Every structure is written in structure tokens, then in C-alpha cells.
Amino acid sequence: MFFRQVYEKGLAHASYVIGCQASQTAAVIDPQRDIDVYLQIAEQEKIRITHVLETHIHADFLSGSRELQQATGAELYLSDEGGPSWQYHFPHVGLHDGDTFMVGNIKFEVWHTPGHTPEHISFLVTDTPASSKPIMFFSGDFVFVGDVGRPDLLEKAAGQVGTMEIGARQLFQSLQRFKHLPDYVQVHPAHGAGSACGKALGAIPHSTVGYEKLTNWALQFDDEDAFVKALLEGQPEPPRYFAMMKKLNKEPRPVLPNGAVPLPARLSGDQLEQLRAAGTLIVDTRDKVAFAGGHIPGSVNIQNNNAFSTWAGWIIPYDKPFVLVTPPEQIEQVMRKLLRIGLDHIAGYLPDCNMWASNGRELVTLPQMSVHELAERIGSPDLVVLDVRNKSEYDAGHIEGALHVFAGYLEDNLDRIPRDRTLAVHCAGGDRSSIATSLLHRYNFTYAVNVPGGINAWIAAGYPITEHTAAPAKI
Amino acid sequence: MFFRQVYEKGLAHASYVIGCQASQTAAVIDPQRDIDVYLQIAEQEKIRITHVLETHIHADFLSGSRELQQATGAELYLSDEGGPSWQYHFPHVGLHDGDTFMVGNIKFEVWHTPGHTPEHISFLVTDTPASSKPIMFFSGDFVFVGDVGRPDLLEKAAGQVGTMEIGARQLFQSLQRFKHLPDYVQVHPAHGAGSACGKALGAIPHSTVGYEKLTNWALQFDDEDAFVKALLEGQPEPPRYFAMMKKLNKEPRPVLPNGAVPLPARLSGDQLEQLRAAGTLIVDTRDKVAFAGGHIPGSVNIQNNNAFSTWAGWIIPYDKPFVLVTPPEQIEQVMRKLLRIGLDHIAGYLPDCNMWASNGRELVTLPQMSVHELAERIGSPDLVVLDVRNKSEYDAGHIEGALHVFAGYLEDNLDRIPRDRTLAVHCAGGDRSSIATSLLHRYNFTYAVNVPGGINAWIAAGYPITEHTAAPAKI
Amino acid sequence: MFFRQVYEKGLAHASYVIGCQASQTAAVIDPQRDIDVYLQIAEQEKIRITHVLETHIHADFLSGSRELQQATGAELYLSDEGGPSWQYHFPHVGLHDGDTFMVGNIKFEVWHTPGHTPEHISFLVTDTPASSKPIMFFSGDFVFVGDVGRPDLLEKAAGQVGTMEIGARQLFQSLQRFKHLPDYVQVHPAHGAGSACGKALGAIPHSTVGYEKLTNWALQFDDEDAFVKALLEGQPEPPRYFAMMKKLNKEPRPVLPNGAVPLPARLSGDQLEQLRAAGTLIVDTRDKVAFAGGHIPGSVNIQNNNAFSTWAGWIIPYDKPFVLVTPPEQIEQVMRKLLRIGLDHIAGYLPDCNMWASNGRELVTLPQMSVHELAERIGSPDLVVLDVRNKSEYDAGHIEGALHVFAGYLEDNLDRIPRDRTLAVHCAGGDRSSIATSLLHRYNFTYAVNVPGGINAWIAAGYPITEHTAAPAKI
Amino acid sequence: MFFRQVYEKGLAHASYVIGCQASQTAAVIDPQRDIDVYLQIAEQEKIRITHVLETHIHADFLSGSRELQQATGAELYLSDEGGPSWQYHFPHVGLHDGDTFMVGNIKFEVWHTPGHTPEHISFLVTDTPASSKPIMFFSGDFVFVGDVGRPDLLEKAAGQVGTMEIGARQLFQSLQRFKHLPDYVQVHPAHGAGSACGKALGAIPHSTVGYEKLTNWALQFDDEDAFVKALLEGQPEPPRYFAMMKKLNKEPRPVLPNGAVPLPARLSGDQLEQLRAAGTLIVDTRDKVAFAGGHIPGSVNIQNNNAFSTWAGWIIPYDKPFVLVTPPEQIEQVMRKLLRIGLDHIAGYLPDCNMWASNGRELVTLPQMSVHELAERIGSPDLVVLDVRNKSEYDAGHIEGALHVFAGYLEDNLDRIPRDRTLAVHCAGGDRSSIATSLLHRYNFTYAVNVPGGINAWIAAGYPITEHTAAPAKI
């Protein structure tokens, strides 16, 4: 049996290639959209991808299943569980609880494990030439290392009221069943630390049934109600783009030809200016320090780091073209990150913002304030502290009097934010506040100022915070 | 806790980086000699390597522990078990059964697990912030996926008579103790499929205690004697260089500065000719097909594939310089493979054999014979079939009347091989026979001919083999 | 003024980017088909390509003018001289002798310089801000460094009887006019040493009018008839594909989208076997030594070296698909070389011939003979020496009794070559004989044997040749 | 004859490889210090470098002659003209006017052409197999395309009073001799546009004697005194490091082993802080925009662009170690640029300034002012405009009342600059003012503010300048 994990850091997403060396065939579980990585593994290992499997309709990434099917001729093996709203609307082999199928000598047994989503399935795998006992459980977003998949995404991201408690109760039942697996079975989930599909995922790539039974908080409950309460508490805000992913992963959509990564057109400074004048969103992916030093007026700073995909999903609309300011050596990487969440509709990119800054056009800086200046000015009626962290972070402690608006919800709450006072915008360490401050300037909040050190520098400098406040300050 | 496996295909060698994210420190277990891979991981993950651990004195690769210590300032944590002959002769923190130490929040518990070697230890690891229960067992060459470490290397490779049965019995006892580990504990060994440190290693990179108890052949025995017999049966010939590794890994030796990979000097055709005339071994690492089409007379073909390190260790002497014929784009990779087994003493390399083939010097071909020609000529008194596969392969079935000399033992058995008849040299599929035939020509066996299809093509064409013969044919 | 020569070794082809820094615009003269090189220069130098110029309808490469026009929006500036048969059949700005146009501050003056072809023009360039005097003459295939363009291609390659003498006389007149240019003017031709568009091109990339007047053989004649005689003598065989180039460069044809280099599909061994069974030509681009050691039966060896494009143009038909056996790291380079002469119709490539050699299929070797064996067997009625060099090389000296068939004309002369005797095939140093011998085996000349050392090794070993024979031996 | 120009943009420096294909030998003229480029050409072209030539003791780069000699075994051919102060103090073949030597079939004739320096020689080259007439003149810093070498460096950079007029007169005489060369001879100088070794070099890489006679301003004079006056007028400030180069190029010095480019050590944030605390100069090579957005306090911004080498030579002292803040993907390129002017003494580099900005340390921004703000505040007693351009640029027109201190002389003139007023620092387009403003902050000029648009943006916005003022404003 051949086993390979493919880990994509930007979405903390794990996919798997499971092969049978005797028959030189393989299955891929939950593939990412840029599928060249699987084609390369297949080539190196001299195996042919014959099966593409999904554990569920993903919310956090655009599945590459159809790209992989097209490129390899493999068949799609997808869940037909979960009821009428949870059916894939394109051809596939439908799977139900208890179904089994072989990939060469490797046996896959289907478990219906609802909770995170109603149609969620897991795969229990047996390496039949070696043993009749199962070796691995591919748990998707059901059981993570140290956590479980959150059941509240549908309600919060897709607006399906009432589904999160139903999901939580289904998850409890699924977990009872999981406990009956042998302790020695390996557990391979679809996500690692940093994913928005859970709240406390561990950094270790894989675990075992027995270890999770001992250490995973979600497997310590005997009482369903207590479990439901604990599960729904403290989940982070689900990224805005999750609703779109749910839809795109279920419905027919155009497929990237040959699984190739298309590069956006390179723009001249004048071409970019035309798009900008027409209101097109400019996303500047440079380092926050470089962005602060000079950027095209109105552009929004989403740095090309591990959180890029998620923040692109929060900020960039799916229904309008946008442009990038990205160094040429990073454009392929940025494009992959965008493709992975279906943001294919790029009008072009500018390799260097100085290319725009000619013909009388001048770059602007992003105003900055150190935590010491903030401490001096705090309390002044001219100044509002705007905390753009997650609600759970804010609740755990914040600068007294700070207004809280999560960076991802900023555009929905512009009327709550004063335009006539200095806005000292901060997050934990300066990344999200650079997004938020640049976004505020795009909406003409002239007095928005970034506090790049964030609350981390504030605390390190010994300034006080208000801890464990349940409700955010009102203005 | 941070976990990363580094897998080196050429020696089927797995090493591990285990880190504590809270303290940003890490341990490396059983590092390979070219250590840049660990330095890069440390840099990317922003962790500092503070501990270098070894499970035992390795026989199949030159440990990079001292390179890594020098480059990072980490301390060496090495076994002091196994008695006076098994002590490391350079400064280190000595470990004994039952010792524990911390790398940040990660607890390492030392188990003395002799058998493969007398001093062999394993590490039971607990991720203390998550649980007081162990999560992983780093088993070195004690327990592999589906196999156990062979105890016969010392006797066969290093000539220590009588040690292999003692080792086998120690291994049995160590395995009894292993069985008491909880089923859910992950097992991470130092080798995967293809390693010469066992006979039947699985291809899956990791396992669990429970799964191994169910499926590993070596854990199915209750009777020590039966286990010992089964264990010692059918082990492959241990590569010649293993004895040298044992020595180099135990004694002080020069350390590669900064862990850098030194590249050999590029030679001109005339420089190579001078070395050749002086008897220097020429190793041509090109594809066997290219070698057959033309090579420098007397050169030996060890292809740069996954078996390169092992065959280099069989063929290249440690006490004399040698030269390479290697395309420039592969020279770094070949050099790494050589460094990993301590073959640093390279006199230079020629990037293209055509550079030699001027000034009146002509390349020679390696004579070839198809299996059909062989079938026609077989039985003729002029022809001897020379089977250079492992003894266990020969025993499982061979061409009737074939003389068996394992390719690795060829130079010790030249007097057993006729010089006056056509030698049809074959292995399974043509790789080892290209080594053997070229080596025979180096020793002036003028009539040695390679059968590139090997016994695989012979069988595929329907020609007969003699199965399960215990003793090889005599001549 | 900005000046950059782009030199493509495979066709010894020079193209030029001439820019005006004040206006940030540039012209490209005689572009190659893979145009990314010009786009990169334009980007680095921050200039826009606004003009694409050709000196004439090229015979030896497929012009990238239309790719460049499409990618940049530049206008085509092409000759309208030469009469009705020599008109471009697609939209362009038509140029006549005496026309001038500006690219920014750079003045281009058109000279009609027929001879190589009837419509041939040259460009005399003046850097107007610096001086009113001309600085450079872009001579295309009119005047080379040390040679002039051959006027016999139309007759020999395109079958237009009687044109070569007319061309030679036109060339003489054009040269008289060239002599009136000031001595100090730089001369920048379209080809360097190794091109088939002349017979004696120098290796220096550029010259001056005065130096050519002193040293170029073609400028030493006062008598037109003597010049015509000297010019038409000893010209090498024009490659077969030249006729196709003439046509494709004149007529509308599909343009590579965005000037991108399309990569061929990767084939499996079984897919290649299907194509092979259907008679598809297999071109193996590996080193001749590797090809000799093992190749797919029936494949033809055209090595990926500087002569690849030319020999591909001789051997590969334009009206049938073909496949490649090429290492993956060279496939883009090989593809570029094929595109440059319009061989776009590739059915796919096999990265490794060993991928074919499974399922009972065996590679074959190319039989080889050293010059010493040849010397022993020469004179035997069983043996024919086949010399595949150029006629001029053969005439200058050959092995006595050798049959001469130029490698490029082999397929037209198969009936002149005996099938029942050993054919010792040689050229100068083994490259062309590898093409020829493999081609003969494709046509079932079972006894064709390659003499890899060629006549160079023959002479070096002291064997005799017959010098200055006018007529080749008959059989 | 083989000819190749190697052009290094950072110093606008041209070196040449001139080879004889018959003998497979070559000479290199005026090599740069990182010599791998020549070794690669030699390898590709299968030629051996046997001669290393210099036209003179260079002032603007550290010659790689001795590195190349060591790596290839070639002999050094250097001028012995110019008198006792101008002799090379290490072994070489000494050349005098009229000497000739052969490199294979290529003849080199030595011309003593003083002016730029007293020992300056040029090489007249004849391709003897082709002709007895010369083909090329390698003019070093004697004749450029459109300009001549400046004779004032010794006086200005090395403080040798009175030498510049002597040099100018020698140059006039040398030019008279140059005029006697045939018009058709190609001229290949050691520098192109942008070099500080002349004042008006053209962008075309090569010229001819005849064209220079027609167009080069310096060849239009018949009167020596008029020539001397014109020549010495308007020469740019010679970079400070020129004096050091003169010395290093004449005296014995350590040679880079194997011509390899040593990479500096990678520092941690804490290591850098230790060096910073000890006063070590920090050079931040990032884009000026990124530097403005955040940098380590006290660091100086020298952007890694084409002017990097020159500005590094102005700002970085030769007698103290310094550190770099440079992205890892640019460190090799930056290192090469430093080596080329002998700045080898680097204490290490920090790949990312954010690595420093932890542990309570905060980056600082570089204060910026737009030209509109400047226009509003101009005339206020609180504000001083500091113009850091070349004197010739200042003289051609500046902002009224601006204080002029050339950026390269800033550290010598700190006492002329007020510390108690806002300093609006500008240059032409923002590069030099970023150097100057960061340098002023290093010297605690707290009120220094960068005007990134510079005088270009000032003029574009329609604000007035004072033209043709001979004397700078006093304060």
C-alpha cells in the first residue's frame, strides 16, 4: 500500500493519495484544485489515479475533484447521504453508509458520519494483502487531531437557521460510533492547525483512534446536551466565502483545462489606472511594511502569507473582477491560492506599484501609530480605538473603550464607525489591521491609522487591558 | 507539538524533526549527513534545533549528528547502553533505559531495545501539554512497519561471529516489552521499504503498536527459538560498506564544514585519462542504456537511481580515490548520495564521456544479448549463464545450470568465473547485471555479455526456470 | 539608441531589437518564432515593440513576425519588392527601395538588395539625435561576416529552375551598391557561422562595411561572371524543409496564441506503441551513445544538439504527425527548436524509452563498428562503405570505394543502397551516421552498421583516403 | 575568431572574451571580479582562457584578473607604461607601446593611450587567418561610444593635485593618434551608459573609428586648450571608493578562492541587534517604498538596483564591518555587487526586518512629504529644502533657496545642515533622497523628511525652479 499526505498550508488542508502498488492504481481523497501535485506523485510512483473521493461538500476550498477526473479519467466517488439538499448535481458514483469498494488490493469502507455536514462520510481503509484488519480512517472534517468539525457553518455562513444544533447532535452520535473503532487505527483528517473548519486543531498531522479517545476534548462527553453547548461555544467567525464554496462544490461548473494554473495578464500602470478609475478593487499582496511605505490609493493590503486565501475569501467579491499588485516572482503562488477558493476572475496584475506612480500619480502611505503614541492619546475625545480581531479574542481581553468590529465584517458595519475622529485600528500583531485600515481608506475613512504593533506590543509595553469582558463597547 | 518526517529514498531512511512550538525548540532523530534539509525546516517553522538524537550506531548510513551539532550548537543524546564495544567515542549526553528528558514541553523517555544492535534505544514521546499519555514511539531499526531490524549485520558485515543469534534472542525480549505499549501509540521507524536493514519492510511510512501486534510477522511468535530461526532466514546480503559505517559512526571523524555539500572538481578528458592510466576506478552513473551504447574502457556502471548509494557502498573502496562520469545537472545529487555513506574521497568528475573520447581514444560498448539469443545458445559448452542476483532470489528459481555469484560478492569470487567462455550475465531486470558485466570487463573478462532483459524477460518470453533449488550449481 | 542582438545557435540566426529610449519604442528585425525573448527584453528595458521588420521571406526558419505582432500590437514592415511571386499574402506596411520611416528618433532607410532572394531588403539605420550619419546596416541574408547569401536556394530547395544564376547576378549588382556605404558603418547580418544560408560565414557577430570590403571574398570581384561562378560553387545541400518555410512565411497561417510555447502531451509506453504500430515516425533526441545502447525499434536518432533543427527539417515530414523520445528536462528546448521551423504537429513524447520497454517489449541496440574493424573488413565483397557526408566533404577526400549518399537525401535514394551486404555507415564524427543508420534500420536495412568514429577517427588512425575525387563511386 | 561581450549593468562595465577557435584558446580583457561568467563561456565554447588582459588600473571596480589567473592558470598581460607610480606590484607580463603577442591566431598590438590614466593601454586586434588588417580596437576607458575617459579622477578621488590637466593634455594627444586608425575598425570600450568614468557615454555597446570621428564630441577639437576646458567641465562627482579601487587593483591582495561568491552569514534578529548596539552600519537594500514603511532604526537605505554598487561605494566604509537587510532571494546578487568593488567584509545579513522587530523592538517609518505639502510650507523659517543631487544637476535648476549638499558628500558636511528645522530632502526622483534621509536619521537629524517625488514631481506639478544658478545657496 502506498500512502502520501499532501498538505496545503494556506488552508491547512490535507489531501491523500492512497495507492495499491500491485495494480499500480490509486485513489485521491479530497484533492485541492491545483492538481499538478497529484499528477506528479502518480508519475514518480508509476501509479495511475483511478478514483477520486470526497468526504463531504467542502466549505473552505474549491475541490479539485473534477479537474482531477478530467485530467486522469478517474471516477468520482461521492456521498449520496444527507438528503435532497445535499446531493452533488453532477455525475458520480454515489456512496452510502456501509458501501465498500476496492482500489486494487486496498479496501475502502464507507461510514456516514454526519455532524459537520449532513452528507459527511469517512473512509475506513484496509490493506488487504497485509491484513483483514483496518489500518486507517480518513475522517475528513469529522474528527481532527484534538478537535472535531464545527457544525455551525451552514447556519452562520450559508444562513440556514436552526441547522447548527441539529448538526451538533448528529456529530455527538457519529462520535459514539467512532469510539467503537479499534484503538490502533490511524486517523487522517482533512485539516490541520489553523483551519477555520474547527476551533482547536492540533499541529500533528495524524493521530490514532485510541489517542483521540484519550485526549480529544470532544470525545470526553457522555452527555449530549453538554457536548452541544461546548461545541457551539467560541467558534471563530466563518469566512464569508464559505457559502460560495458550498455552492460551487455541489453544482456543475467550468473545469480548469488540464488542471493548469492560468496566469493573469500583466498590466501597465495606465491600464491599472483605468480599472481603478472604474472602481475595480485593487488587492496589494506585498508585505504590510512595504504597503505602509507606499501604495496605490484605494488599494487593500492582503499579504501573501499563510492567511492569504482566507482573507481573500473575506474581502474579494465573487461577482466583480479585481486586480492584483504582486511581484512577478510571486504571481503563480498567489494565483494558486486564489484558484483554490474559486477566485478566478482576475482582470490582471501590476508587477510593481512604481509602474503606476508615474505620469503625475503619487503613491500614498498608510498612516501609522506606535503603541506609545496610542497610550498618550487614549482617552482623548478625538480618538477611537478600533479592535478588528475575532470576537473571542476581544472577549478575552481588550483595550478599554475599544470599539470592536471584526475585520471580516467591516464592510457590513461601516455605519457603526465614526468618520470624524482618529481611528486607531489594531489587531493582535498588525496583519489584520493593515487589511482593515486599508479597507477603511478605500471607504474614505480619512482618519484611520494603523497600529502595527497591535495588542501584542501594547501588552509587551505594559499598558493595561480589560479582561474577560462579555460585551463589546458601544459608541 | 511539531512533527515532520524526512524521507531519503536512496537508503529508504526516515529521520524526524520533533518540535515544541511553545519554546520554539526541536530535536532531530537519526539525521542524514547532508543536513540542510533540517536547517531549512527549522528556518521555515521558526524553531531552533537543540537536541540531536540517535537510536543506535547506524550501519547503512553515515549519521549527520555531528554535522548538525556543529551547525546548530545542539547537544548529542546518544545511547550508553550495550557494553564497552558499543560506546560512542566522542562527547555526548549518554542515555540509559528509563532516562527521560524534555525538549520544550515534549517528553522523551528512553527504552533500551537491543536486538538489531546491542546499544539500540527507542524513544517514547509524550506531548505533555495535550496529555500525559504517550503519543509516538520512535523505534529506529527495532520495529519497522511489518518487519523488525535484522540482528545478523554484525556477524555478516563486521565479522563478529556468534553475535547474530544473541541479537535475535535480545530482539525477542525487546519485542515482548514492545507489546505492552498501548495499542494507540504511533510507531515511527528509521527505515521504509527497500532498506537492507530488514527483509520485508512495508511501504507505509508509519504504523501503530496495535496494528503491528496484529500484522507484523515478528510479533506473532510466542516461542523464542522459532522466532530466532524465522528471523535469521532469508536475510539479504548485507552491503560491504556497513562495516565501515559502524566504525565511522562510533569514532571521531572530520565533520563537513557548515553541513555544506562539497562538489567534486570537474576534470578534462586528459586529466581523467591520467587517473585511468594510474588504475583509478571510474564510476559511470549514467543510465544503463547509455552506458551500453558507449563508455570509457574499464569504467563500472552504477546508475544514479534509488539503489545508487547501496551499490556505491558495495563497489567503491574506502581507501582509494575514484572518479565519476556524471552529467553536470546530476552531480550534486550523486555527491549527496555518496556523502551519505561517507564516500567523500572523489578525485573529480567528467561531465560527458565524449570529452574523453577525443585524441584518438574511443568509447567501447557493453556487449548485449537478448533473452531469445540466450535461449538459442543455452546448453552450448561455450556459454555460461551467470546469475548475479541475491541468493534468496536465485534459490526461489533460476535458469537451469546458471552459476550464481551475487553481484556484490563478484570481486571476491573472480576465480570461480570462467574467462574462456561467453558469460551471459543477468539479474532480474538489467540493473545489477550492468554493474556486474562492466565490473567483469574491468577485470578483463573479455567474453562477459549483459542480458539486459534479465530473468524477468526470460520468464515473460516463456522460457523455463528451475524452482526452489537449495544449492547453486557448481562449475 | 538601444541595440540588442538575439542569437539563436540552433539555426545560427541573429535577430535584433533596436529601440529609441526617448520615446520608449522599439523595432524587432527578423524575429524567431518563440518570441518571449523579445517580450522580456522589452519589459526589462521598459520599451514597447511598435515595429516588426523582415529583411526577406526566410527559408531556414519560420518567422515570428506575426506572433510578435499579435502579442504587442506592433505593425509589420515588409518588402513589397521582387515582383508578384514575392509578395506577402497578409496585411502589412509595404516597403520599397528608398523608403524611410522612424521608430522614435531612429531613422530606418530601406535598401532593395536582391540576390539571395528577389524581394530582399536591408535597413540603413541612423541614430538621429546623435548624428545625421548612418550607424548600422542590417543586411539580413545579403552580406554576412565574410560571406554573402546564397542565391541557389530557390532553384535547389523550391525547384524554381533558372533562378540561381539570375539571383547571383542581382547579388553582384547589390554588392556594387553596398561598396558605396561609408567604411565606418556597422554591418549586422541575420546569420552567423553554421547557417545553411551561406557557405563560409564567420563566427564574429558583426562587422563593418570597410572590413568586409577588405576581407569578404565576395567583395573582391570586379568581374560579374567570375563572381557568379565562384558563388554557385560548393554550396551545401539546402535542407529539405526550406521550401516549406518559404511558403509558410509568405502565406496566412495560424499564429501561436500569446507567443507561448505549447508542450506536447506526455505518452505512456502503451500509447507510444499504438502510434508506432500505426507507422508513426519516432524521433529519439537523446545522445547518440545512449541511442546506440538501446532504443525503440524503428526510431530515428536526431540528437538534441545545435544541428537538431536542421536535421529535424531534413527528416521529419510536414504532413504527418510524429512522436519524440526526449528527457522531460529537455522537452521545452526541443519543442522550441521544432516550432522555429514550423514542426508543430507532434503527437506526443515519451520521457524515457524504458517506459516502452516493458510488457515484453525489448529495446534494440544500433550495431557499431570501430574504424579498426572497418579497416580489416574493407575490400571484402560483403561490405559496402556508405559515406553520408555533404557532397563537398566527400569530394575533398573519402574512403576508397565508398558509396556516397548525403544523409539528407537517403530516403530518396534507398534503391541505390544494397540490402544484402553489411553497410558500414560513416560521416565525419558520428552524428550524421547515427541519423542515417537508424533511418536505414527504419527501412529494414538489416545490415546497416554505424561507424561512430567516422572519417575523423579513420584518418587519425592512419588509414588512407582518396583525395579530390570529382565523382562518387558507383555500385 | 570568437568574440563575446560580457556586460555588467551595475557598473556599466563591459569585458570581453576573444578566442581563437583553431587553438581553442582565449583572452579575457578587463574581467569583473566574479569570474564564473567567463568560466562558463569557456566551457560552453570549449576554449581555454590563457591570457588575462587589462587596459589600465581600474578605479570603478575591483578587477577579477587575479581570480581568473588563479582559476585558469592564465598569464596576466598588464601595462608597464606610465612611470613608477603606475606599476602593478605583482607578477605579470609587462606591456609597452608597440608590443604584440598572439592568442592562437589572434594578434594583439599594444597602444599606449594615456589620458584617463598615465599607464592606460589599448589593444588593436587582427584576426590573422582572415586578414592582415585590424578588425577591432579595445579602447578601455580611453574612447567610449560618444565620449572619452575622464582624466580628473586621480585628482578628485585620489587627491593627486595637478594631475587632471596633465591627463587631459595626454588624452588630446592620444586622440590624435586614434584618428589615424582606419574608419572601419570596430571600437569596443570598457564602459557603457551610466558609468562614472565619463560624463556622456552612449547606450550602444560598440562603435567604429569612423563613426566616432564623426560624432564623438571629443574628436571634434583641433585646439588642445579648448579640448581641455570642455573635458574638465561638468564631470560628475567621482565616487568615494575609487581611491580604494586604484590601490587594491595595483597591490597584492587576497584572491577569492576558485572565484567563488561567498555568501554572508544569516543573522537572527538578536544577533543583528547586538551588532547594531555596537554601532555597526546596517544597509537595508529593499525598495525605497518598503524602507519608508518600516525599517530598523539607524539603518541606511541603498536599494538593490543598478546604482547599488556605486552608492555602496559612496556610503560603506572599507575599514569596518557592516550588515545587510536583504531578502534571501537577492542576497547572492547583492553580494556579487559588493564583491565587484571589494566590499567583502560583511558581518552577516538579516533576511527580513520583521525578524528584528520582536522582543519589544519596533520598526520605524521614514517621514515623507509630498511636493504639494512642500509647496505649502516653503518659505517658512521652520523649513529647509536640502537638494542632494549632483552639483551639475543643481546648477541646471533647483528650488529657490535650497541648500545643496550632494548625497555622496553628506557625511563630510553634517555641520552645514541645520538640526533644529524640518529638512525637506529631495533629489530627482526619490532614490538618492531615500539614502540621504536615512543617513541623516542615522546621524540624529530628527527632522529630516524625504520628498519621494523629488524635483521631477515638483516640476510636473507646475512649481517654479531657479535655473542656471552658478552658486548654491548658503545658510
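Per-chain numbering from 1; labels A, B, C and D assigned in written order.
What we mean here is this: a contact is a pair of C-beta atoms (placed from the backbone, for glycine too) under 8 Å apart; a residue touches a chain by one contact, two chains touch by 3 or more.
Just so it is clear, the structure is predicted and the values come from calculations on it, not from any experiment.
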Chain whose mean Cα position lies farthest from chain C: A
Chain pair with more C-beta contacts, B-C versus A-B: A-B
Euclidean distance of C-alpha centroids - chain B vs chain D, Å: 54
Chain A and chain B: spacing of chain centres that average the CA atoms, whole Å: 42
Interchain centroid distance [CA atoms averaged], chain B/chain C, Å: 50
For chain C, residues that touch 2 or more chains besides their own: none
Chain C residues touching chain B - in the complex, by the definition given at the top: 286-294, 329, 353-354, 360, 362-363, 365-366, 368, 370, 452-453, 457, 460-461
Chain A-touching residues of chain B, taken from the complex the two chains share: 1-3, 21, 127, 130-131, 133, 135, 146, 182-186, 202-211, 213-215
